[in-house]
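So that you can tell them apart, the chains are marked A, B, C and D in the order they are listed, and the count of residues begins at 1 in each.
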Amino acid sequence: MNKIVKNAQEAIRGINDGMTLMVGGFGLCGIPENCISALVKLGARNLTCISNNAGVDDFGLGLLLQNKQIKKMISSYVGENEEFERQMLSGELEVDLIPQGSLAERCRAGGAGIPAFFTPAGYGTEVADGKEVRVFNGKPHILESALTADFALVKAWKGDQNGNLIFKGTARNFNPVMAMAGKITIAEVEHLVEPGQLDPNFIHIPGIFVQRIFEGVHYEKRIEQRTVRQRI
Amino acid sequence: MLDRNGIARRIAQELRNGWYVNLGIGIPTLVANYIPEGISVEFQSENGLLGMGPFPYEGEEDADLINAGKQTVTMLPGGSIFDSSMSFAMIRGQHIQLTVLGAMEVADNGDIANWKIPGKMVKGMGGAMDLVASADRIIVAMSHTNRKGHSKLLPACSLPLTGVKCVKRVVTNLAVLDVTPNDGFMLVERAPGVSIREIQDATAGRLIVNGDIPEMKM
Amino acid sequence: MLDRNGIARRIAQELRNGWYVNLGIGIPTLVANYIPEGISVEFQSENGLLGMGPFPYEGEEDADLINAGKQTVTMLPGGSIFDSSMSFAMIRGQHIQLTVLGAMEVADNGDIANWKIPGKMVKGMGGAMDLVASADRIIVAMSHTNRKGHSKLLPACSLPLTGVKCVKRVVTNLAVLDVTPNDGFMLVERAPGVSIREIQDATAGRLIVNGDIPEMKM
Amino acid sequence: MNKIVKNAQEAIRGINDGMTLMVGGFGLCGIPENCISALVKLGARNLTCISNNAGVDDFGLGLLLQNKQIKKMISSYVGENEEFERQMLSGELEVDLIPQGSLAERCRAGGAGIPAFFTPAGYGTEVADGKEVRVFNGKPHILESALTADFALVKAWKGDQNGNLIFKGTARNFNPVMAMAGKITIAEVEHLVEPGQLDPNFIHIPGIFVQRIFEGVHYEKRIEQRTVRQRI
């Protein structure tokens, strides 16, 4: 079952204007750098992007924003991006802000065939506007619905031709649940290994969720908040 | 009166052995620097790790290991990494014993507002709404008044809410206050050198002062 | 007329390259023995593995590696292990392209009953209800009639249902039949040496016979 | 954060008559053998057991059934046990049968603070009796609720004093979701290792879900259906 494609350009074939994309990563950690670059070249427009954050001005999803390819962002936190702010305040960009846990669970639900679930997060806030409220065990909850996407773009550490994925450190974050929720999931990996090299007991995302996979190049892995302590 | 580190140090006294704790960005992050001796707690970062250690030494930063504030961090032995849905399963499922976070406003019924100022750029709520809707024990760390000198402890929040009736305790530069279910803020401790009068003047919400109020032991 | 292996062999012709497949207990399990040349599929077992291989050689059984029928199995390179909630996330989320399972009754609207006979010991539905409620492509493998000679392809199920309007195709010892949305079973192929008349006699539900019906190519 | 207890007997302290227990395993694969033996000795009665299966007559949960400690079973499949059949048909034992996927998801939901969710499984069957039905994307779904337990008894391959767990092969099955859903989760492991010996990137269940842990003894790991092929 060989899902390997040559590179990012080949991997993103079929992404068209107006589509909905999920993009893995938390801040700039664990983002699909190669796919984002290829998308900038491809130029598909009016995209709806579901991603926890929106990158920074000159990296990550910020590159798509600068290129005005994004019509709508669905995120939990978007604070690190001036171009984002400009487009949002000018009304060019629609923004749907979602509690981070609800965002993660809505993606998982989309991948797991669960169309809706109740969560306490956001009850009594504007997030609950228009949503059904129900009390369980004396506590009010709101009904949240599943999210899916035409394409999910995820980044993993290692992968094989079957699409099995292993992530590294906190670069895991939203990548697994988005891999589950994409109608077509594209995985870019730092190391594409031979079949059988990954221990089946330690696969983070089974290959069944991945349709295309390739080994990415030139990972920059930019650090947003380099924070260190002094050696004593 | 306490500075930011003082507030963090006072909150650190709330830690109990064996607790899992989520610290928000800002003052709450400083709490990790003041864990009392003999107390072992584990810090959760909602982007997907348990057993967060100190910042790395220069040159040892790993781009693939950050906290929810996007800062480079380290892991302690016995830690673990997980995805975002598992992380919020821990939070929503009340497996975290203590959440400490900052706020722009707290109401005397426990409502909290900390994510949005109408007319200003909205950055988003991140994981704050999940955290405050879930945790049994929520402590807010903040200054008692804002830059204009207005109280941040109010009869009702004026800003869009992050969560309702969820804050249990507030630790400010002036005082420790508990939120009572029906009667407003109950003054528990005064910051060193701060009078009850000063606290009353800085508190717009209902404030209960019962008998002698001790000064914090720091 | 086909035997159990013949039914499995015919169903194996339905496999397409790259599919993920869940095989139920009984005849469906045998399908894995007849994968056509040039076709690569991966078998999912709902207790938590993908890439299930053949039974182990004697002496190489691993108590920690079984399939959903509790039989010892092996893994193929590129397989993976996961927990039960992830396993049914795959199933419910329609990431499995084909489900093959047995049945006691199939109705001509696609209803299926395969888990409970009133008055008899009920063993449970296991994963069958999740599978039939989720998969887009469900093939039932069974004998056309029961031990008493009564048809198992009915106008309506008499037994408690496992799922409604979900079966797409039925492969029996006598025939291949598709379930049409409104008109009942559509005869697609006859088993070798079986006449249309025999199929009609053994089918209690509505049966559509359009033109010449070819014999299966085995 | 030391959660180590000496043995099964110490681990199950506090399990009382009438409590609800989750017990990991699929068939006899991955069951908490030590805890079950200790429970037989303890003799707590009128238990409600949530477990995918009910063991066989002389092993697994069958031991508790023979000892008449179980009042109610919540399972997806219970076919391998004559004593079970006798007690069920005589009315001594209550049985609640649940689709396997709904059982797994209901446990996960219990651990994840999701009180209820919609699933298509069981719609139109007696499983749906009395449950809310709602159509999403043209397909009817039923509302299922979360399951939790006073105690969850799980079995892992390796574990450490923080409660971090790693499972082996298909012995994983229901153990992770039940570990999440127990108010008190007891993990018995084949190998209790030193802190730091488990790679944090490959922990199946983070220690936060585990309250007590011990190294089990004398694992029998009985095989229910030994199936082999001939060497050619």
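Definition applied: contacts are C-beta pairs under 8 Å (C-beta built on N, C-alpha and C of every residue); 3 or more make two chains touch, one makes a residue touch a chain.
From a predicted model like this one, the values you see are computed outputs, not experimental measurements.
Remark: among chain pairs A-B and A-C, A-B carries the greater number of C-beta contacts.
Of all chains, the one whose mean C-alpha position sits at the greatest distance from that of subunit D is B. Annotation: 55 Å between the Cα-based centres of subunit B and subunit C.
One inter-chain figure worth recording: subunit C and subunit D are separated by 28 Å, centre to centre, where each centre is the mean of the chain's CA atoms.
In this assembly, the C-alpha centroid of subunit A lies 36 Å from the C-alpha centroid of subunit C. Shared contact sites, meaning residues of subunit D that touch two or more other chains, fall at 105, 108, 112-114, 119-120, 167-169, 201. Counting partners per residue, subunit B has 49, 81-82, 85, 88, 91-92, 134 as the residues that reach two or more other chains. Applying the touch definition to every pair of chains gives A-B, A-C, A-D, B-D, C-D.
Subunit D makes touch with subunit A in their complex at residues 105, 109, 112-120, 134, 136-137, 141, 145, 166-169, 201-202.
Remark: subunit D residues 26-30, 52, 75-79, 85, 88-89, 95, 97, 99-105, 107-108, 119-127, 157, 167-177, 204, 221-231 touch subunit C in the complex.
Those residues of subunit B lying in contact with subunit A across their complex are 45-49, 54-73, 81-85, 87-88, 91-92, 111, 121-130, 133-134, 160-164.
Residues of subunit A that touch subunit C in their complex: 1, 108, 110-114, 160-162, 164, 180, 195-196, 200-201, 203, 206-209.
Here subunit C touches subunit A in the complex through residues 18, 20, 40-42, 44, 49-51, 75, 77-82, 85-86, 88-96, 134, going by the rule given at the top.
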